[in-house]
Amino acid sequence: MVDLYMKDLITTQEWTMDEIEEALRVAARYKQIGRAGREFPPVLKNKNFFMVFFAPSTRTRGAFEAGATLLGGHGVYVDVSTTRLGAGEAVKDVAKMYDIYAHGIGVRLLDKVIDFKYGTGNPVIREFARVAKKPVINMADDMFHPTQALGDIMVMREKLKRLQGKKFVVMWAYASKIRGPCSIHADLLIASRFGMDVVLAHPPGFELDPKIMGWVRENAKESGGSFEIVNDYKEALKGAHAVFPRSWHTWQLGQVGLSQFGLERELEIHRKYRDWMLTQELVDDLMEPGAIVTHVLPVFRGEEATDEVMDGPNSVIYEQAEDNLYAKMAVMALTMSGDPGV
Amino acid sequence: MVDLYMKDLITTQEWTMDEIEEALRVAARYKQIGRAGREFPPVLKNKNFFMVFFAPSTRTRGAFEAGATLLGGHGVYVDVSTTRLGAGEAVKDVAKMYDIYAHGIGVRLLDKVIDFKYGTGNPVIREFARVAKKPVINMADDMFHPTQALGDIMVMREKLKRLQGKKFVVMWAYASKIRGPCSIHADLLIASRFGMDVVLAHPPGFELDPKIMGWVRENAKESGGSFEIVNDYKEALKGAHAVFPRSWHTWQLGQVGLSQFGLERELEIHRKYRDWMLTQELVDDLMEPGAIVTHVLPVFRGEEATDEVMDGPNSVIYEQAEDNLYAKMAVMALTMSGDPGV
Amino acid sequence: MVDLYMKDLITTQEWTMDEIEEALRVAARYKQIGRAGREFPPVLKNKNFFMVFFAPSTRTRGAFEAGATLLGGHGVYVDVSTTRLGAGEAVKDVAKMYDIYAHGIGVRLLDKVIDFKYGTGNPVIREFARVAKKPVINMADDMFHPTQALGDIMVMREKLKRLQGKKFVVMWAYASKIRGPCSIHADLLIASRFGMDVVLAHPPGFELDPKIMGWVRENAKESGGSFEIVNDYKEALKGAHAVFPRSWHTWQLGQVGLSQFGLERELEIHRKYRDWMLTQELVDDLMEPGAIVTHVLPVFRGEEATDEVMDGPNSVIYEQAEDNLYAKMAVMALTMSGDPGV
């Protein structure tokens, strides 16, 4: 019997497969209810989910706030983007306060707010979780994005049916903007739990956190899948069943921060790999028939991928966004109320 | 049988008179309920109305958010004023996302966000409407403000009873701040549908969109009303039953944008017509006994109109604000739930 | 029979002891419900509490918004921090608008928004209260913070049982940031109503509003308590049962505003009294056994007080924050619905 009541979700890596499956089961039931236009069980009735945004968000915020309403509760949107981390009061006191007022606490903290310095955001969320007794949900930090991982694996399972042995390519893609790797980690970590043959393709210089790559490798071993890192996206795409094309910044930038590394210097590296863009031709020529193209959005159209492929027959991006709503609802319901009502 | 379920509201011009009358009927019933302090039918129970504000707002936002609550739903306030139009992700992807999360989508986009360049805001809202299956409600753009039009005509009908043949003056008025013409268009378009004798008074240079003026003329022909444009506000006010004194920017500024036209150059033109201010004396001397003074607010007191007239016996501005709440509730209920419960 | 329906709360000084006791009774019942995890009476069902924040807030906003949800209602968060007071439309028109849309109106207006010029914030809230028929709740201005006063006295009574004759020290404390005195006034005004022996300790130059000090003196006379002002915090702490260590700005700065007085000049004065910091040693050596340390938060740790004392056995700061939630809920329920349901 899986009980997620009051449990934090910092990364899916800290949830058992039974817990993840329970979240996906509830999400699937919610999707049925949503698509049928039926009323959701009011399991969050008059409950508050505080959403503390150190970094801006529309999609994640929209999904959590809408989802809270659908379950009868209320998402309290707290924008602390103007708060400079470290200035002002202790994180402990803020966390303690929300612990008193809330039934659950979401925290988002990434990118600009930490100057893209890898590894400095997650500890703040862990401090929230340490202090608060109520469930703390990671709404994206510099390392993880667990609720997105759940939505992403949900859409992949719906489309590919059995995930075991399916080839999933996480492909670095060119963008003229800088972003962190949390969504990349999220998908690598979850897909490798489900026995997929995960291939990470990126140009040299865009290596990811070795510790997390180690976890992915172990996940694959345990699940009967595999994990490979390559520097050639065309090679990677051959025979793939799913691809997620998305930009992230260089490892070196993440070590020192954007302001020290320099935006122009970073973009110059990006521009060397301007051809790392997913096109419909690549999908048609290299991937398996019926392969799917995923993206967590926002996608930089014309950079990471062409309009054609994003709006094309292989793209599942909007259903993925839909699944992300239900995955977030499932997480809130399970951790904040104990009984998801389905 | 009028069915507004899932219908967009971009401008009242695209709603039939039957549809407009149905909205006004529901708004009037809601007003009875509100004034009696009774409970509203919870027709938006656990539903989300996403309010996407590209431009700041307090009044429109307040009315929609309060109204959503009163009907059991939730207005999700999304401030994208910091988002520069055109930068970032495709409108299509944003619209698609809200379409998934919301039961209805409101969009506001005007003035500064488009540099007051006339005609560049509305297409964005139309893009939302094109992409989203859910109803898209125009919460004011550079051309239209349909929910305000409904509230405005509601208060005029309450006060003047029969609107047919009543003279309604929309009067340009001096202000030291720049505003777009959406509220002006809104009232011209709706009043001319109801058979009023509409007179638009403005100084030379403040001409409005000829296409919309054409629609107003046609509306008047169909409804048995009339439409006239004059350059003399005193002449216009003679025998009028209603007046709406409000500033808007010059036609020329709207063609090139504020930053190119220049604020000082624009205000210099405004200042030539500093006497275009509604006073109680003008109301008393020129208008019909019992005439009403309307305003969509905010009003620039001491510029567009004196305190005396705004707070005087002819002013209906606060009841107009009240009617705007009920009109917005009616629009949300009809388009988002199908059954307004009254 | 105490009836608080539709009553404003600008300062506790304007509520009778019967009214204050009723608010505390309801708050205590809500606390029982909250702690037991039971459902609150939905006395604010589908009602809107508009929270107009001229100044930023997380705690007060969090408590009001969470509390509104818990009672079935909705807290509408309105951030007008970008609005420069005096620019834009008349306060009257804004207040009138919220009066139409809301069942209750909270207003916060202090510190930076008024350049810390003492006495210029409160009149704006009074203008809201004058215009609006609905209850106006002061969510902190430059003079008062009444809902916090209620939460503060609640925790003191819980911990100290009988308040009559208990010694309560309100102690100026060093901080490298500037804050107004509203929380200080709040606690002085309420504690003196409950017969406490109130001692205000501050360095020379940090005198408070003589008019309010007069009220405190009168309160003490009426309640059988006492009120004393001293310049020696060690002397003050001797035999005390409760202490609230917190910074506020000099009287002189409050007279002319921060921008004229100068931040550096102010902080230089503060730094002369860097030793005014509450430590566990002071508590252990000077105060009564079982004495409590309160704070309205945020506390500047390492300045106003040490981590040790804030996290130590005498500290009640988190339960105080909890009581503040219930006190705010009680005020909303009593003023906005009439029947608190308990």
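All chains are identified by letter, namely A, B and C, in their written order; residue positions are counted from 1 within each chain.
The rule is simple: a residue touches a chain if its C-beta (ideal position, glycine included) is under 8 Å from a C-beta of that chain, and two chains touch if they have at least 3 such contacts.
Since this is a predicted model, take the numbers as computed values, not measurements.
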| item | value |
| --- | --- |
| Fewest hops from chain A to chain C - one hop per pair of touching chains | 1 |
| Same vs different contact residues, chain A with chain B, by half of numbers used | different |
| Interchain centroid distance [CA atoms averaged], chain A/chain B, Å | 41 |
| Residues within chain A bordering two or more other chains | 74, 77 |
| Residue ranges of chain A touching chain B (in the complex, touch as defined) | 39-40, 42, 56, 58-59, 61-63, 65-66, 69-72, 74, 77, 297-301, 317-318, 321-322, 325 |
| Complex contacts: residues of chain A adjacent to chain C | 45-48, 50, 73-74, 76-78, 80, 82, 88-90, 93-94, 96-98, 100-102 |
